[in-house]
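Each of the next two complexes has subunit A plus one more chain, namely subunit B in the first and subunit C in the second.
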Partner chain A sequence: MIDEYINRGVPEPLVRGLVKEAEDVKLTKAEIKKALDRLENEYKDAYISPGEAIGVITAESFGEPGTQMTLNTFHFAGVAELNVTLGLPRLIELFDARSNVSTPAMEIYLDKAYTKENKDVKKVASLIKETKFREVASEFVINVLKLQVEVTLNKKNMADLHITEAKILEALQSGLKGVVVKQSKDGIIVLKPSSVEEDLKEVYKLREKAKECFIKGVKKISYVIPIKIGNEFVILASGSNLAGVLSLKEVDATRTITNNIHETAEVLGIDAAREAIIYEAEKVIKNQGLDIDVRHIMFIADLMTNTGKVKGITRSGITGEKESVLARASFETPIKHIINAALVGEIDPLDSVIENVIVNQPIPLGTGLPSLVAKMKNARI
Partner chain B sequence: MVEKKEAAFNIFKHNLVPKYTKLKPEELNGLFQQYNISPKQLPKLCMKDPVAKELELQPGDVVKIISKSQTVKERVFYRVVISG
Partner chain C sequence: MADVYLNEKFVGEVQDTQAFVKQVRDDRRIGKLPETLNVFFDEVNRDVYLDNTKGRCRRPLIIVEDGESKLTQEHTKKLQNREIKWKDLISQKIIEYLDASEEENSYIALSENELTKDHTHLEIGPNIILGITTSLVPYANYGQSTRLNRGSKTQKQSLGLYASNYLIRMDTDASILHYPQRPITRSFMHDIAAYDQHPAGQNVTIALMSYKGYNMQDSIILNKDSVQRGLARSTFFRPYTTEELRYAGGLVDEIGIPNKEIKGYRSETDYRLIEEDGIIAPGIEVKEDDVIIGKTSPPRFLGDLEEFSIAANVRRESSTVVNHGEIGTVDMVLVTENQEGNKLVQVRLRHLRAPEVGDKFASRHGQKGVVGAIVPAVDLPFTTSGIVPDLIFSPHSLPSRMTISHLIEVLAGKVGSLSGRYPEGTSFSSESPELLRKELFSFGFREDGKEKLYNGITGEELEATIFVGNMYYMRLKHMVANKIHARASGRIQLLTRQPIEGRARGGGLRLGEMEKDCFVAHGASLLLKERFDSDRTVLYICEQCGMLAVYDAYKNRKFCPRCGGNVEINPIELSYAFKLLLDELRALGISPRLKLKSKY
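And now, the complex of A and B:
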C-alpha cells in the first residue's frame, strides 16, 4: 500500500513517517488509507504552480535574514587558532563562486584504524601538514667564498615531524632544480648552484628558495588541528588540497571535504559541488542562528551547477549568460552589454521578466503567463 | 601517470557523489516524451568532469542521477553530456 503512494509521487519520508505515526496510535488499515489519501491531496496542493516567481521568493528568503547577518559581519569563529570566515562575507563568497576562498579549510575524517588513539591521530596530522625546509633547519648560512648555502638541521623538529636526513636530501634534490645538494661529514647540508656563471645574487636567491622547498606532507595544507567530534578524532586543516588528502590511505575518502567549491567540482564532479554548496550555505546560516528553508538553498545550488560548471551569481557567471540583452544590462555594466549587443545585432525576444519591466509590458509571471498557453484567436473580450 | 594518481581513491564512494547510471539509447525517447523536452533542455555534464571521465561518457549520452536529499529521500534527475 505504501509503495502505491510513493509511485504516485508522494515523497517516501512523508509516507513512511505518517504510517509509522499511525501504527503507533493503532489506527486501522482503512483509517491509514484515509490518512494517506489526505496526505496525497495536501501534498499535491502544495505544488508550486506554473508561473510562480520562485526566484524572487528565494531572494526574499535570503534577503531578510541577510540584513540581520550584516550586523555581525567579519566575525571570526572556530576551534582553537583556526580562523574561518563566516556570516555574510562567506555567503557572498559562496554564491559568487569565487575561486579564491578567503579561508580555505578542510574537514579530514580518518580511516577507522587511526581514530582511536591520540598518538595515531597526531601521526596522521603530521603526515598531512605541509612541511617546508625551513621548519627542519635551524640555520641558513651563505658561504661567500665558496658561493654556496650551508644549512644546519634541527634534529628536534625532525624527530617531531618523523623526518630522516635521507628524506630531506631526496626532497631537496627533486624540489630544487639546477642545484647540487650534498651532505658534508658533520651533517651540514650544502647547496650549490650548478650553473657556470655563479654570482652572489644567485646564492641569495637560492637561500630564499630553499627555505620554501617542499619536504613532505600534502601541499597547501598549512595548519592542522585534531579535534574530537563525538567519539572519533577529526582533523581540521587550514588550506585545501582535496585530491592530495583523499589519496592518502590513512584518510577516510568517503567523508573528507573541503570548503572550496571549485576544487570539489574538479575532484569529485559537478554534483558533489552542488551538495557542497548546500552544505556550506546551511553551515553559515545555522551558525548565525538563522533559519532558511533548505529548498531555497537547493534552488540556488541547482542554478549554479546547471551548466555543468560551477557558476557564481555574478556578471561573469549565470547573470552574464542570460538570453536577453536588457536583462544582462540591467544587472551590471549596462553600457558594455548594450554596445556589444548593438555591434553584433542581437535580438531580444522579450520573453522574461526584467526586460518586460524595462519596456513597460506585462511580465510573463503568475497571471501574466497564461497568454503563452491559451490561444486568444476567437475569444471575445 | 596522471590517471594512476587519480585512481588512488574511488570518487563514487564519496558521500557527496550521487549514484550515476548511463541511460541506454532506447530509453532516451521515453524520457524526452515523459517530460516533453529536448535533450538541450536538460542540465549539462561536462566531458572534463571527473565523473564523465571515470564512466567514459561521450557527448550526447544522458545519465540518470539519484542523489540523497533532505526533503525527498531520493532525488532523481538527468544530465546530458556535452563536450567542453
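And now, the complex of A and C:
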C-alpha cells in the first residue's frame, strides 16, 4: 500500500512518517488508507500550477521587505559582541555570492566532552584563535650594530595562551624562512637574516614580518568568544577557516559552520553550500524581524547551486547564463552583452519573459503559456 | 593665562579667566557692554571667545543668582496686569539672551523648584522647546513627538484666511476657507500669533467609529448636510499672467483679439470670450482651452523665412489659455505695467471647491486622511440628544500612532462647547483631562466622553458606546480636483511613439517596471500586452534578409529595398520602442535581423 502512494509521486518520508504515526496510535488499515488519501490530496494541492511566475514572486517577496530593510541597516554598531554585517548589505553579498565576505564568522560547536566547563571551552578557544608572534612578545628591538632583531617575550600572555618558549622557537623557525632563530641566555629571542647581504632595510622588513608570524591556533581566526547557547558552550569566531577548524579533534564537525558559502562548498560540498545559503539568508531576514517563506529562499539557493558550483545572481553568474541576449542586456551592462552577441551572431529565440515584454508580445507565463491546438478532420487549408 | 578672541579675532590675553568672564557678564548685565555680546570660555583649549556678530542663534533665559530666580511673583503679577512688558524684563536684566556657546558655560534649571546654588539660569518654561506652529498643537505633551512634527507640518498646508487682503492679491495656488473658525481648544500661541485673525480650520463634531468601511485606512466620512451648510467649503484662486514683451528690431507683442491670418490661429469659439481689448471680463465662466488673454507675437526668425515663405512675416499666436482640465470664473482682471514699462495683464480665476471624495483633511495631531464618503445626515448615527457628527474618524488610526492628544482635544472641545469657554490646551500647562472629565460629567454627559448612538438607517441602538466630541479640523490644500488624472488616447512622443508625460499636458499614467512585474507575477499575460500596446506598430519584414520591407498601400505592393519584390514579406506586430532599439543598433553598426516563425 505504501509503495502505491510513493509511485504516485508522494514523497517517501511523508508516506512512511504518516504510516508510522498511524500505527503508533493504532489506526485500522482503512483509516490509514483514508489518511494517506488525504495526504496525497494535500500534497498535490500544494503543487505550483504550471505557468506560475515563481521567479517574479520570489523576487517580489524579497524586494518588498527589502525596502523596509535598507533603512535600519547599521543599527548594531557598538554592541560588545562580534559585529557581523547584517541587513540588506549582507543579503546582497550573499546572493551575489561574493568570495570576500565583509565579516567572516564561524559558529564552532564542540565535542560533548568540552562543552560543560567554562575552563575547557576557554582552552579550546585558545587553540582555535590564531596567535601571532606580536601577541606573545613585549618588545621588538632592532640591534643596528649586529643587524638583528631582539625580541623580549611576554611571559604573562604566554601563560594565558598556554605557549612554551620551545613552541615559539619552533613556530618561528618554520614560519620565517631564511632567518636564523636563536635564544640568548637571558631569554631574549634573536632573529638574524641568514642572507649574505645584510643591510638595515632587511632587518626592518624582518621585524615587521616577525610580528605577524603565525605561532599557533587556526589561521585566519582573529577573534573568539565562547557563548552559552542552551546548556552548552559554543564558540563564535570572527574570521573563517572551516577546514582548519574541522581538523581539530575537540570540534564537533557535524554542526560547525561558517558564513562563507564558497568555503562551505569547497570543504563540505555543494549541498552544504545550499543549506548554508538558506541558513544565512534566513538569519538576516529573522534578524530584521521580517517574514519571508523559506521556500523562496530555497528556490534562490537551488538556483545558485544547481550547477554544482556556487553562482551568484549577477551578470557573471546566473543572470549572465540566460539564453536570451535581450534578457541579459536588460539586466546589467547592456552594451557589452549586445556587442558580444553581435560579434558571434547570436539568435534570441524570444522564449522567456523580458524579451517578450520588450517586443510587446504575450509573455509565456500564466494565461500566455497554454495555447490551443485544434485537430481538424478533413481540414482543408 | 588664556587667549581672548573677539568676533573670532585674537585681541589679547588674560590672566584670571574666571574673573574676566564674570566681569564681562556683570558688565553686560549692568549695561556697560552691549546686550548682544556673549562670552564663552572654552575649558578644553583654555580660550575665551567674545561674540557680538550677527546671525547667531540666541535664546532667552531667566537669570539666576545665588539659587534665586530673578523673576519674582511680583514681576509675574505685573506682567499679568500689563504693567510691564518683555522689554522691561530685558532692560531690568531679569532675562538675558544666550547664544549656543555661552549656553555651554551655563547651568540651566528646567523648573524653579530644582534650583540650586550652582544654577546660573532658569528656563522660562518647558513650552519653549516647541516652535511657533508646533505650539499651536493643543495637548502636545500627551502625544508622540513624530506625530507632533507631522501635526505642525500639516497645519502649514491648511486652508484658511491666509491674508485679509486676499481679494486684491495675485497669489499662485491660493485658497480661502469660506467660514474659518477660531479653535475651541487653544494654546498660548493662538493668542501670541493672533490666530483668531487668520484661523485655518473649523470646529467639527466627530464620532470615533467606523462607518460601512468607507473610512478604512485613514479616510474619513463627512456629513453631507454639514457640507451643504458650508463645512470646509473653499475657493481656489489661479492667476494667469501675460506681458507685452519687446523684441530686438522694435517688434512687440500685442494684446488683443488675434487676426485670422496669424500662425497657429485657434478656432473662433476659443476666442469668443475675450473682449475688444483682448482681455476677458470678470464674471465670465471659462473652461479648459478657452482664451482669456488674446496675444500675438512677432515671427520667431525674422528675415530668413521672408524669401521663401508666402506667408512671410506673419505673427504668431501666443494667447493665454485656461490650463488643461481646469474650470473657473474670472474673478479679477488687472492691467498694469511692469518694471520695464511693458504692459502686464493678470487674470485671476476663481473656483468654488465644496469638499468632495478624495479631498484631504487633518486634525492638529498629525492625523490626516482623505474623504472616503459624504453621507446624508439621515443615514449617519445620532446621539440620544439628536446630535449627528459632522465627521467620522476611524479608531484604527489611533493605537499604533499613540496620539493621545487627539483624544484629549475631542474631550476638551466637548467641554468647551458645552460650557461656552475655550479650554487651555497649551503643552505642559494645559487643563488636566481629569478636571475636563469632571466638568463634562457635571453637564450630564458620561465622564469618558462616550455616548450611546443610534444607527441612522435602521434606527437601532449601536451595541458599543461611541466617543463623540468636538475638535478642530483643517482642510488641506491637496484637492482631488487638482490631481485627478486619466487618459484614453492623446498626444504621443515623437521619438518613441509612447504617450507623453504629465497631467497638465494630458499625458498618460506610466505603468512602470515594478507594476509590470505585478502583471507578470499574476500571469496576466494578455492584459500586460494590452497595457503596453500604446506604441504598437505593424512592420513588414522581408523573410529573406530579416530587415524592414516596404508596404506601398497606394499600389498595394510589398517589396524589400534589398531583395526586391519577389520575396516573402509578412507583417508583424511589435512595440515601436523595440523597432527604435533595432534602429539604434543599426546606427551602431550592428545589423539585427528578424527571423519570422508562425506562432501556431
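Simple rule for what comes next: the second predicted complex is superposed on the first by the 323 of 381 C-alpha atoms of A that agree within 3 Å, B and C clash if a C-alpha of one lies under 4 Å from a C-alpha of the other, contacts with A are read in each partner's own complex, and residues count from 1 in each chain.
Going forward, a residue touches a chain if its C-beta (ideal position, glycine included) is under 8 Å from a C-beta of that chain, and two chains touch if they have at least 3 such contacts.
Model, not experiment: these values are computed from the prediction.
Q: Since both structures carry subunit A, what do subunit B and subunit C do when superposed there: clash or fit?
A: fit
Q: Please indicate which partner A:Val353 is in contact with in the superposed arrangement: first for subunit B, second for subunit C, both, or neither.
A: second
Q: In the overlaid three-chain picture, which partner chain does A:Pro362 touch, first (subunit B) or second (subunit C), both, or neither?
A: Touch status of A:Pro362: second partner only.
Q: Name the contact category of A:Leu161: first (subunit B only), second (subunit C only), both, or neither.
A: After superposing on A, A:Leu161 lies clear of both subunit B and subunit C.
Q: Should A:Val56 be classified as contacting the first partner (subunit B), the second (subunit C), both, or neither?
A: Touch partner of A:Val56: subunit C, not subunit B.
Q: For the combined three-chain view, what is the angle at the C-alpha centre of subunit A formed with the C-alpha centres of subunit B and subunit C, to the nearest 10°?
A: 130
Q: Is A:Ile338 touching anything from subunit B or subunit C once the two structures are fitted on A? First, second, both or neither.
A: second
Q: In the superposed model, how near does subunit B get to subunit C, counting Cα atoms only, in Å?
A: In this superposition, no C-alpha atom of subunit B lies closer than 23 Å to one of subunit C.
Q: Write out the stretch or stretches of subunit B touching subunit A in their complex.
A: Where subunit B meets subunit A, its residues are 5-6, 8-11, 13-18, 43-46, 49-52, 65, 67, 69-74, 79, 82.
Q: Give the list of subunit A residues in touch with subunit C in this complex.
A: Checking each residue of subunit A against subunit C gives 51-53, 56-57, 59-60, 338-339, 342, 347, 353, 357-369, 371, 373.
Q: Taking the touch rule as given, give the residues of subunit C at its contact with subunit A in the complex, in rising order.
A: Touching subunit A from subunit C are residues 516-518, 520-526, 528-529, 532-533, 535-536, 573-575, 577-578, 581, 585, 590-591, 595, 599-600.
Q: Touching residues of subunit A toward subunit B in the complex: what are they?
A: 11-13, 243, 246-247, 253-255, 257, 264-272, 275-276, 279, 294-295, 298, 302, 305-309
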